[in-house]
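Here come two complexes built around subunit A, the first alongside subunit B, the second alongside subunit C.
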Partner chain A sequence: MIEFKNVVKKYGRKVVLDGVNFTANKGEITCLIGVNGVGKTTIMNAIMKLTPVQSGEILVDGEKVTKKTFEKVAFIPDAATMLPNMKIEEAMEFMDDFYTSWNQSRANELLDFFNLKKKDKISSLSKGNTAKVNLLMGLALDVDYILMDEPFSGIDIFTREQIAEVFTSHLIEDRGVIITTHEINDIEHLIDKAVLLDNGTIYKEFNTETMREDEGKSVIDVMREVYRG
Partner chain B sequence: MKIKFNNRDPVYVQVIRHFKNQIAKGFLEPGQAIPSRRELANQLKINPNTAQRAFKEMEEEGLIKTERNQPSRVTSDENILQDLRDELIIQAVNEFVHSVKSINVPLDDALNLVKQKYGKEKGDLDD
Partner chain C sequence: MKNFIKLANFEFNRMSKLLFALMGFVLVVQLGAVFYETSTFMSKFNQYMENEQLTREQALMNFDTISFGAVMGNILFFGPIFICVGAILFYIFLIWYRDWLGKNTFVYRLLMLPTERFNIFLSKLTTVLMATFGLVAFQLVAILIERSVFNLLIPDDLRQEVYFNQLMNTYPFTRILLPTNFDEFLIFYGTGILSVVVIFTVILLERSFRIKGIALGILYGLAMVGLVLSPIIINEEWFLDHYFYLSEIFWIEVVVSLIALALSMIISRKLLNDKVRV
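What follows is the complex of A and B.
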């Protein structure tokens, strides 16, 4: 479980996270939803200690985030992570050198799954294929938690479908996933839990199936209430 | 296998509904093996947890049976299958009555139309 307890993050005087509380369970897909600039990426950066927080606690399986917890969590940012003049196969070698949790057979499976060619140079790839390479590098790590920052933004519909398919496969099964998006349409049926953010706080945190069952509302219905109401 | 999901009903309920229809229409036969949870999640493009939930509910309703290390199978219990058909028929009739009543169609007119249409509609019962 990844837990946020009253996390506050400021950039200078600007408060980005204003007492954020939520949990993301292992074996579930948790989706952080909010318009641009509400702090979704900051939350991910904070889990990876890529940005300091002023107060509050971030726990991974009950432990404060440290170097050790990095072995349990993979972060897939929305920007290119690998050196552009590497070939995909070189990037995989690079990952293998860096991470003990690198799983080459899973990486090969992902290459097939995404129809990527390992001889291709990363700088020569389309935006969609670059996103797939990012996902490959993250998902091929044998870790319990995966953070995905906007995996669908700026990606064509078929590539989005292909990426969404990852969530229904054994590539994700039993792991805990936190995903950020402002386009919930693509994954409305796939997520277990939605966490709605606004102005650096959590507006609402709910289980999507329970919401449909008890109140007959889709995630978008709830978002409309929260953001327009 | 493909389901067009709506966003307001729980996905697992929609999956069960789909299975019930398949069984009632005879596309799934009594005793026939069905895909595993994982295969189902993948085929229907749903969360594996949701597939799990649908399986659990169907097991509890007796629609499917799972024995250890065996694929789940559609029940062969005649009573359950008959109940299922009744349930689907009553559901369909309720919906029909509801929409016909809401536009004030006299019962006899509605029944005549049903009789006419029923004969014509044959080949195109897809889905």
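What follows is the complex of A and C.
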């Protein structure tokens, strides 16, 4: 389980996360929802120690984040994280060199799944294919949790469908996923838990299935209620 | 340790093209200096013989010989050395900032590697030092090559033989390339290594606190310069009035520099672990 306990993050005087509390479980897809600038990416960065927080605690399976956590949690940011002059196969070698959790056979499977060519240079790829390479680098790690930051942003419809397909495949299996997205339509039916953020706080946290069954509302219905009115 | 070696190897490979390009540039331009100096000298000598209507033996009596030192005084010789120094200085910044800037933000990957983040610092430091020593070593080899070419182009009787050590003592910049004793090596290269480590710390302060970090970095840099110079300053007339001998000051400097080095590394480690931002 990934736990956020009263996490406060400020950039100068601006409070980005104002006492954020939430949990994301293994085996579930948790979606962080909110308009731009509410702190979704900051949450992801904070989990991976890519930005410091002022107070509060972030725990992964009850432990603070250390170098060992990076064998347990993979982060897929919305920017390319491999060097542009690397070929896909070189990027895979790099990952294999440093991560014991790197699973080459899964990486090969993902190459086929996404129709990527390992001899291609990362700098020569389209935005959609760069996003696929990013996903490949994260999903081919045998980790318990995967964090995805806006995996659908600026990507064509077919690539979006292909990425959405990943969620129902064995590539996710029983891992815990935290995803941020604007394009909730693409994955609404896939997410188990929604966390609505506004002004650096958690506005609402709910189980999508229960919400559908008990109140007959979809995630978008709840979002309308929260953000519009 | 294994991850440090892997990272250092990776970082070095990233700069190897630039390094080899610099080496090629140094050799080609410095050979240009050899050809320029030798052809100018030979044409002057021939001109002198012709104008004065002298035989070669007669001309040799009144004509100054040339040594390789003349080549070393040519801008085509020392220019590339300064360009290399500039390139290394630039690379000290580039080696960090290129991972943050641009479309591909490699810093995400580096900071998420399941290894001590300080290894990133050490691998970048090792790369800068390897590049520096690599260029120095190459320059020494290049001088030997250039001197052989020089010897081929200037006849024995017009050439003044100078020992390699003498040559390296001719100019201050060549003396830095090849220090004459261990004390000099410590002063030149110790100061160099310390400067790189302090600049890395300043960069990490900026990368952690951004605008505030620039101010913090400048203050930190000045504090380190002050710390390192303090033994020399307090030994002046106005304070200790040369209480310490020069050799004692030297060893006090070594200790103070080691303190500055350790402090910078501890701060950098802390910044990388807890403060740095993508």
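Here is the rule we use: the second predicted complex is superposed on the first by the 229 of 229 C-alpha atoms of A that agree within 3 Å, B and C clash if a C-alpha of one lies under 4 Å from a C-alpha of the other, contacts with A are read in each partner's own complex, and residues count from 1 in each chain.
We take it that a contact is a pair of C-beta atoms (placed from the backbone, for glycine too) under 8 Å apart; a residue touches a chain by one contact, two chains touch by 3 or more.
Since the model is a prediction, treat every value here as computed from it, not as a measurement.
> Figure out whether A:Leu190 sits in contact with subunit B (first) or subunit C (second), or with both, or with neither.
first
> Going by the contact rule set out at the top, does A:Arg228 touch subunit B (first), subunit C (second), both, or neither?
A:Arg228: touches no partner chain.
> Counting only touches as set out at the top, which of subunit B and subunit C does A:Glu209 meet: first, second, both, neither?
First partner only, subunit B.
> Looking at A:Ala79 after the superposition, I want to know if it touches subunit B, subunit C, both of them or none. Which is it: first, second, both, neither?
second
> After lining up the shared chain so the two structures overlap, which partner does A:Lys49 touch, if you call subunit B first and subunit C second: first, second, both or neither?
In the superposition, A:Lys49 touches subunit C alone.
> Thinking of the overlay built on chain A, is A:Phe98 touched by subunit B (first), by subunit C (second), by both, or by neither?
Only subunit C is touched by A:Phe98; subunit B is not.
> Quick check on the superposed pair: does A:His170 touch subunit B, subunit C, both, or neither? Answer first, second, both or neither.
first
> Considering only the contact definition stated at the top, list the common interface residues of subunit A for subunit B and subunit C.
none
> For a test of understanding, state which residues of subunit C touch subunit A in their complex under the given definition.
3, 6, 10, 14, 102-106, 108-109, 111-117, 208, 273-278
> What residues on subunit B touch subunit A, complex-wise?
Contact set of subunit B toward subunit A: 5, 7-13, 38, 41-42, 44-50, 53.
> Please give the residue numbers of subunit A that touch subunit B in the complex, ascending.
It is residues 27-29, 164-165, 167-170, 173, 188-192, 209, 212-213, 216-221 of subunit A that touch subunit B.
> Please give the residue numbers of subunit A that touch subunit C in the complex, ascending.
It is residues 45, 48-52, 67-68, 70-71, 75, 77, 79-84, 94, 97-100, 122-123 of subunit A that touch subunit C.
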